[in-house]
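The following pair of complexes shares a single chain, chain A, combined with chain B in the former and chain C in the latter.
Here is the complex of A and B:
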């Protein structure tokens, strides 16, 4: 279980998160929503341990370990897998190399065959370099690459960003398939439809750097007021 | 210009290119991942040469000298990376100033330990003398340096393109933060790569001690300048770039020294200036 308590983080002197409390349990998909600039990516980066921002207060506990200030590679080894905003595939590595470069095995876990079965398109493009992939292929690769480390917590930052509807539909299906396995998913999204269709619970960040709303995805779906107040642009 | 002259200078150029590649490959590997322009690389070369020389004088074994010089400088590189460079990671100016400082210190220390007289590495009989290449004879050692450089080049290429370690390094060049977020301890990779780059500098110092001789405060600066021109021509961080740059600089150096010795520096730096103007990332470099 991921447990975040009173988390504060800052870029230089500018504090962007001012006391976040959040839990993500194994087996559930939790969506993190909010308008641009509310600190969604900052929260994901704080959990993954990539800097900036710098965590200035609070704790992040994962699988019983205090990881608040652990280096990012140690968090990954504790079972966190990052699918970052902008995909960040390794542009000069082939698809195959991207998937295997940091792979960690687990019994009955993800391996190359399983990832290729999950995203057949990646197998077709296994010898292509990251830079030559389309946006959708890069997103599949970023997800597959994280799965190859056999994470128990998958941090996905805007996987639908800039993708065609058909590709988003495929990503949605895949996230639904991940749900219910022994994996926890924290999903940052701008796409409300996608988030509501896969998430069990939702947190919305407001403009004070705090959680402005949280509850079941079905409650948010029915709550037009919250949607208008916190998400409409 | 006779055919013999051209052929002889061609061989001079290619064998010098071999030495240059040994020096430049370590330099460019370190820059490629760590973005550190290690101006102490020439100092590493010089220290490697002197340690090799000392081992040869004590044991008479040139292979032991190559091994000892390479390993000792590799360890020196690790000490420098972990005790000094790590403290200023990512700050370009302090990094460069630090490596210049270490370069001067190494120059002074070699002067204090081994004296200011030019020294040359004695070679065993089976490495000296000349080989008959049909219509001309050519120094055997220089032919072997060329072959060694080709072998090291192929080994490095295989290491970088075919192994997981190589893939990790390339992934780190593409996106350091991401490879760390996947569970790779990038600091350890930095230190390992610095060891390896310094090791190559030490090895090339032992080779260079027999090839060019050793002059403290001079050989180190000279070889550093050559290495800089090589990697700027070929593209900083690119291994094939270092190979092509070495061949270009080696050939220019050989023919210029034979034909217009008074313009040796001009002929070395003019091509670099032209490349910098027309293609700032170097012939095989990547745009930043």
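Here is the complex of A and C:
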């Protein structure tokens, strides 16, 4: 379980998050929503240990370990997998190499064959370099690469960003497939429809750097007021 | 499309056969230059591992090269050690300095890595001048004799040929191993590797020492070739030369630096007889390479290859755009052979224009 308590983080002297409390349990998909600039990506980066921002207070505990200040490679070894915003695949490596460089074996876990079965398109493109993939393929590769590390917590930062509706539908299907396996998913999204269709629970960040709303996805779906107040642009 | 495996193997076999036959075909003078080119080829390959594959542009590799050479020279001239001891001290000194340099450089990248390695090279150069009791300062160390079995120019040539071939083969295996894969990942983004669980600082240090080991071997071969070592070997220019050879031949290819070394060493030794300002010429060639052939000579060849095939009516003259290009993007991030001399629309083009 991921448990975040009173987390504060800052870019230089500008504090972005001012006391976040959040839990993500194994087997559930939690969506993190909020308008642009509310600190969604900062929160995910703090959890993954990618700098900046710098965590200035509070704790992040994962699977019983205090990982608040652990280096990111140690967090990855503890079972966190990041699908970063903007995909960030290895552009000069082939699809096959992008996946194998990430591989960390686990009994009955993800391996190359499983990832190729999950995203058949990646197998078709296995010999192409990252830079020659379309946006959707890069997103599949970023997800596949994170799965190759056999994470128990998958952090996905805006997987739908800049993708065609047909591709988003495919990504949605895959996240739904992940749900219920022994994996926890924290999904940052701008796309409310996608978030509501896959998430069990939702947290919305407000403009004070705190959680402004949280509850079941179905509750948010029915709560027009919260949607208007916290998400409408 | 790259050169096919068959063609590559053919070229390799031709190269080895030519290497073995050479002493029967040409003069001792030429053999001497070829031996020097092989030594610098290995040196440039060691730079290519860091700069070409990992995007870690080093300009201090001559420091490691020279420390190994001085290790051999000092043992030979001051300690009267046998050849086994000389080589052992050379190896130990080169590896030790690589480890120290690696620890200094492992937390830096980009231009900071370049500056750290520059400083490292300058330190060795400064010490080579100042530590006269060990290095002989400007006079250097003379009379470092080769082992009797390889004292003749042509036997030493065969030794160098064998060691460089072996070392090149080992480096080729390294670059295709998981270590090499992560090294190439490093070039695309250190953060990306770290979030996959790689301790990138440690990984950099590891590759740095590995590269230093091959620079060490080159240094030892160099000192026995010249039977003399002076601070000139540790100069910035030596590191720069090595980097230039890698860029001219094609970074990220291993065979490129070897070809680059031959071009530059031959230009240096032959051209300088006819052209007074041959370094100007070399500079011009370098600028042209950077501007028009970022994949270096190897990149140009693999780009031209499909055209050659097409001329002879070979059907398989197109393919995946990226796969054939040498990863020569170390220094600019974008360079790659653009695949498509015939205007045949590949799948890649269709996708990117969608």
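Following the convention adopted for this analysis, the second predicted complex is superposed on the first by the 233 of 233 C-alpha atoms of A that agree within 3 Å, B and C clash if a C-alpha of one lies under 4 Å from a C-alpha of the other, contacts with A are read in each partner's own complex, and residues count from 1 in each chain.
Convention: a contact is a pair of C-beta atoms (placed from the backbone, for glycine too) under 8 Å apart; a residue touches a chain by one contact, two chains touch by 3 or more.
Since the model is a prediction, treat every value here as computed from it, not as a measurement.
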Exercise for the section: Record, for the superposition on chain A, whether partners chain B and chain C clash or fit. Expected result: clash
Problem - First (chain B), second (chain C), both or neither touched by A:139 - result: neither
Practice task
Classify the contacts of A:67 with the two partner chains as first (chain B alone), second (chain C alone), both, or neither.
Solution key: neither
Practice task
Return the chain, chain B or chain C, that is in touch with more residues of chain A.
Solution key: C
Practice task
Could you tell me if A:46 is touching chain B, chain C, both of them or neither one (first, second, both, neither)?
Solution key: neither
Exercise for the section: Figure out whether A:127 sits in contact with chain B (first) or chain C (second), or with both, or with neither. Expected result: second
Problem - Residues of chain A at both interfaces, chain B in one complex, chain C in the other - result: 48-50, 71-73, 76-77, 82, 84, 88, 90-93, 97, 100-102, 104, 130, 145, 149
Completion exercise
The residues of chain C that touch chain A in their complex are 178, 181-182, 184-185, 187-189, 191-200, 320-323, 327, 329, 336, 348, 351-352, 354
Problem - chain A residues touching chain C - in the complex, by the definition given at the top - result: 48-50, 71-73, 76-77, 82, 84, 88-94, 97, 100-102, 104, 127-134, 137, 145, 149
Handout entry: Parts of chain A lying in touch with chain B, wherever the complex brings them together
Key = 48-50, 71-73, 76-77, 81-82, 84, 88, 90-93, 97-98, 100-102, 104, 130, 145-146, 149
Handout entry: Touch list for chain B against partner chain A, complex
Key = 164, 167-168, 170-171, 173-175, 177-186
